[in-house]
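Okay, got some structures for you below.
Next come two complexes built around subunit A: one with subunit B, the other with subunit C.
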Partner chain A sequence: MSEISLVNVSKLYKNGFYAVKDCNVTIHDHEFFMIIGPSGCGKSTTLRMIAGLEKISSGELYIDGELSNMLEPQERNLAMVFQNYALYPHMTVFDNIAFSLKVRKLPKEEIERQVMSVADMLGISALLHRKPTALSGGQRQRVAIGSAIVRNARAFLMDEPLSNLDAKLRAEMRVELSRLHKKLNATMIYVTHDQVEAMTLADRIMVMKDGIVQQVAAPMELYRHPINQFVAGFIGSPEMNFIPVKSREDASGFSLIGKNLKVEADETIESAVHGDSHNETLQGNYAQKDLILGVRPEDFIPVSSYQAADFLFEPAVVENLGNDYLLHGYMVSAADPFGISRKKEKMIVISMKRNDTISDHDRIPMQIVTEHMQLFDPESGRNLLYPGTPADPETLATERRQA
Partner chain B sequence: MNHSSSRISRIRNVFSATEPYLYLVPSILIFSIFLFWPFFKTIYLSFYKTNKLGQAKLFVGIGNYKELFQSSAFINSLYVTLVFVIIVVSISMLLGLIGAILCNKTFPGIRFFSTAYALPMAIASSSAAMIFRIMLHPSIGIVNKLLHLNINWLADPRYALVLVAILTGWLNSGIDFLYFSAGLASIDETIYERASVDGAGPVRQFVHLTLPGLSPILFYTIVVNIIQAFQSFGQVKILTQGGPGDATNLIVYSIYRDAFFNYRFGSAAAESVILFVIIMCLTLLMF
Partner chain C sequence: MSTLTKEEIDHLKNTANAKALQRRRLKTSALLITNVIFAFLILLPLLYAVSIAFMPSGELFSTEMNLLPKHPTLTNFRDALQKVPLFRFVLNSFIVAGLITIGQIISCSLAAFSFSFLNFKGKEVLFMLLMATMMIPGEATIISNYLTVSGWGWLDSYHVLIIPYLTSAMGIFLFRQFYKSFPISLYESAMIDGCSNIRFIFRILLPLTKSAIGAMAVYTFINAWNMYMWPLLVTGSQQMRTVQIGISMLNSVDAQSMTLMIAGVVIIILPSISIFIIGQKQLIRGMFSGAVKG
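Right after this comes the complex of A and B.
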């Protein structure tokens, strides 16, 4: 097993388009590392550059400390699972799994032993004599994974391996992959656009957008401390609510004011807004400026009185998910409970547990959990409350390149 | 009332049952005139001695066939045809396959190369033969000039058959290039990517992925090529007229000579039937 490092790795196409720009990351030994981002963000390109299927335009790739830019895919000793499984159509399942071992000219008995062991592990022993066309999607998936894990590769690369499966099978395979990673204790680099997969499987996640790495962190770190509005919106389902606000300081203290919202802010938020936070790179003073308040759907608490509420919530649509339910609706000012001067805003979504007690009112008094809320600069998208260095990823990349 | 409606529905039933056959009538008619009639006429003639106008005059049963199999010229013709077919099929398939593999990747100028490889398909065998004849001319031909040789290529029995076969192979390679290109395009590109990550080099990828992927089209191409090679005529007619000696006297040219030079239509018909049986057997064997 191995450690893989990308240093300022870029992929530049002839038309001047950067598919990946200055990617810097180290994937540790035994780590389950996820690359996530929307379509066209460069995640698959990054994986293919690691595999050797795409040439690296600039930067360095180290596998186990060895500079590997110029190594052919055959020489990297990595294994890969492709999105469309890439099974050899004319070979049986046995031959598909055995192919990489035959290439390495292992003795016949050894090949048979290893293939049988992998087939047992994945529950496909009964399918060994079938051709890929005679397999279901889930079975093909297992064969593709079996073909990758059958040999002792330095790392396993997976390019959206579950995206062609239906929801139920995907959930099953997620568990299977997690189990497999624990069992093999292997370095895995996994590309997906499904943030549920990323959150449930990964040790660390790298979020990409437009070829640029936005943030690399553990799943809960990403969830609770997103570096910018893009990461905050991309991670989490349903998406984080983004509410336009301004800061205000009056006799009652420091607060954030939206069209229909007033949140009493704590010291951390106040210092972030005034630009004297622990954030070294945060130099601007955001007082009186437009800001975006980010609140996750589960970070709302129904309260019993109007006085304690930050706003009133008027549900428009209720989605029943069984144990939870999602309320989609509008915010109404707590100071104007009858909504005479109600100002229309974008709908927000609130997640409630089945046993949450909600008053019978049409409008539910709500409070925001200030501890978990985020505050974004609407222009740069930076998170003012990010505990690390919320510099613009592109600026950071440029700085690194200059260094 | 009931009686007339049942009659109408009966007529309708008869019409709907016969309608499909009516559509087949024009093509059957054309096939009958230009294919089935000459075919059966050939079989009929092969059992007769004919006059100079090709009219059957004397029934000889399998006499024509007996004579052919006792004739050293015909046996030579069969042997020459066999060697010719082997060379033609090997060259055309190899050229077609190499061209298709080279043009399977996108690169600047691919359209030019694709057109160049497919071009032989569009050239008539007689025009190609004329060009070849000039190229192989002993005194002004480019081949002798480039190689600094002075060989009368087409008059030398050692080279004549091979050269006619090379020309035919090149002519047939255009359509093979097209077949193989279509075959290669249908192979999923990601299996090559997986194979290279799995550690397989280009040769192993070709043997284990490309060839099996092409196998259905490969088989079809072999059959078509063999049939085409057996039926080659134009290039022999223009380049060598079956000579020198009988070195390039392919079976189709031999049929032509027997029928239109020697006016032995019965014998030529018997040769045609033998050629038909050979091609049919080979095709059945391969299917």
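Right after this comes the complex of A and C.
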């Protein structure tokens, strides 16, 4: 098993388009590492560059400390699972799994032993004599995974391996993959656009957008401390609510004011807005500027009185998910409880665990959990409350080279 | 208003069904008859040739309409085989066409592999140049080719018949088109598994592109079998002649016998027709592969 480092890795196409730009990351030994982002963000290209299927335009790739830019895919000793399974249709399941071992000219008995052990592990022993066309999607996926894990590769690369499966199978395979990772204790690099997969499986997640790495962090770290508005919106389902606000300081203290919202802010927020936060890159003073307040759907608490409420919530659509509710609706100012709600405004989503039914006519007094609030600069999208300094790519690159 | 009894309803149903069935039968028969007529018209020269081959020579040139032989005979076949070593010609043609076919399949599939799976500088330009050679008619290069091979002292041998035809731009094009629809992830997966290009071609690509190979084989074999100009130019002895030249040797100025010649023709078209019949499914599948999404 191995450690894989990317130092300033870029992929530049002939037309001048950067598919990946200055990617700096180290994937540790035994880590389940996820690369996530919307379509066309460069996540698959990054994986393919690691695999050697795509040439690296600039930067360095180290596998176990060895510079591997120029190594052929065969020489990197990595295994990969493809989105469309990539099984050889004219070979049986046994031959498909055994292929990489046969290429390495292992003794017949050894091949048989290893294939049987992998087949047992994945529960496909009964299918070994079938051709891939006679298998269901889930079974094919297992065979594809089997073909990858049968040999002792340094790391396993997976390119959206579950995206062709239906929702139920996907959930099953997720559990299977998690179990497999624990059992093999292998380094896995997994590309997906499904943030549920990323959140449930990953040790660490790298979020990409337009070829640029946005943030690399553990799932909950990403969820609670997104570096910018893009990451905040991409991670979490339903999406984080973004509400335009301005800061105001008066006799009652420091608060954030939206069209229909007033939130008392604590010191952390106040110092962030005033630009003297521990976040050194945020030098500007945001006191007079527009800001965007980010609140996760579960970070709203219904309160009993209008006085304690930050705003009133008027549900328009109630989605019953069984265990909890998703309420889509509009905000109404708590200062004017009988005012007309602004239907033209964007709806917000609130997730609630409540046993009683919610009428879509009620106006529910709501409070925001301030400790989980995020505050974004509308121009740069930066999170003012991000704890720590976004790393400088050059410093990171130097550190990695030295390592 | 009177109501219909069950029998009446059944009767109406049956009449309607019978009418529909009759209409369908009529349509099918009309289609079948039209097809048979057209097939017969197209096949007429061939069928007539087979018929002439069985006619005594005196029967052919008469004023009567004689599509079928009145006194069928095998003399023409016997005479044709006696006059020229037709079996030798057939064997020569088989050797030449067979080796050309094998050679073209190997060379064209390897070249097409490079053009579709490998990345190298000038790939597109090289392919365009290759395709451009298809626009040069064979007749334009035949003299220079002749001078080259005669300079090497290759005349009147098997290799002069085979080697110049061991590859073809058309074959490379056909294979490349077929490989374009081949999922690239299989190649990538094989590469990551540690497979070499040669191993990939022989263990994965060729077994999975059997229909392209079949189409290519039929097409090449028939073309090689029907070669006339080049074998005529480069071979001199009877030992090296191929069937197409051999058949023209039946046409002597002194004793021209149409029935004899036709009998010879019937003998030599049998192999190419049987190859076509055996390979027609592959040929059609191969020719149209990639034309529509499968």
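Here, the second predicted complex is superposed on the first by the 376 of 403 C-alpha atoms of A that agree within 3 Å, B and C clash if a C-alpha of one lies under 4 Å from a C-alpha of the other, contacts with A are read in each partner's own complex, and residues count from 1 in each chain.
Everything that follows uses one rule, which is that a residue touches a chain if its C-beta (ideal position, glycine included) is under 8 Å from a C-beta of that chain, and two chains touch if they have at least 3 such contacts.
These figures come from a predicted structure and were not determined experimentally.
With subunit A as the common reference, subunit B cannot sit beside subunit C without a clash. In the superposition on chain A, A:Ile50 contacts neither subunit B nor subunit C.
In the superposition on chain A, contact of A:Leu78 is made with both subunit B and subunit C. Of the two partner chains, neither subunit B nor subunit C is touched by A:Met206. Contact with neither subunit B nor subunit C is seen for A:Leu177 once the two complexes are overlaid on the shared chain. Residues 51-53, 72-74, 76, 78-80, 82, 84, 86, 88-90, 99-100, 103-104, 147 of subunit A contact both subunit B in one complex and subunit C in the other. Contact residues of subunit B toward subunit A in the complex are 188, 190-191, 193-201, 204, 208-209, 212-213, 215.
Residue ranges on subunit A touching subunit B, taken from their complex, read 51-53, 72-74, 76-80, 82, 84, 86-91, 99-100, 103-104, 147, 157.
Looking at the complex, you find that subunit A touches subunit C at residues 51-53, 72-74, 76, 78-80, 82-84, 86, 88-90, 99-100, 103-104, 147.
Chain contact summary for the complex, subunit C toward subunit A: residues 183, 185-186, 188-196, 199, 204, 207-208.
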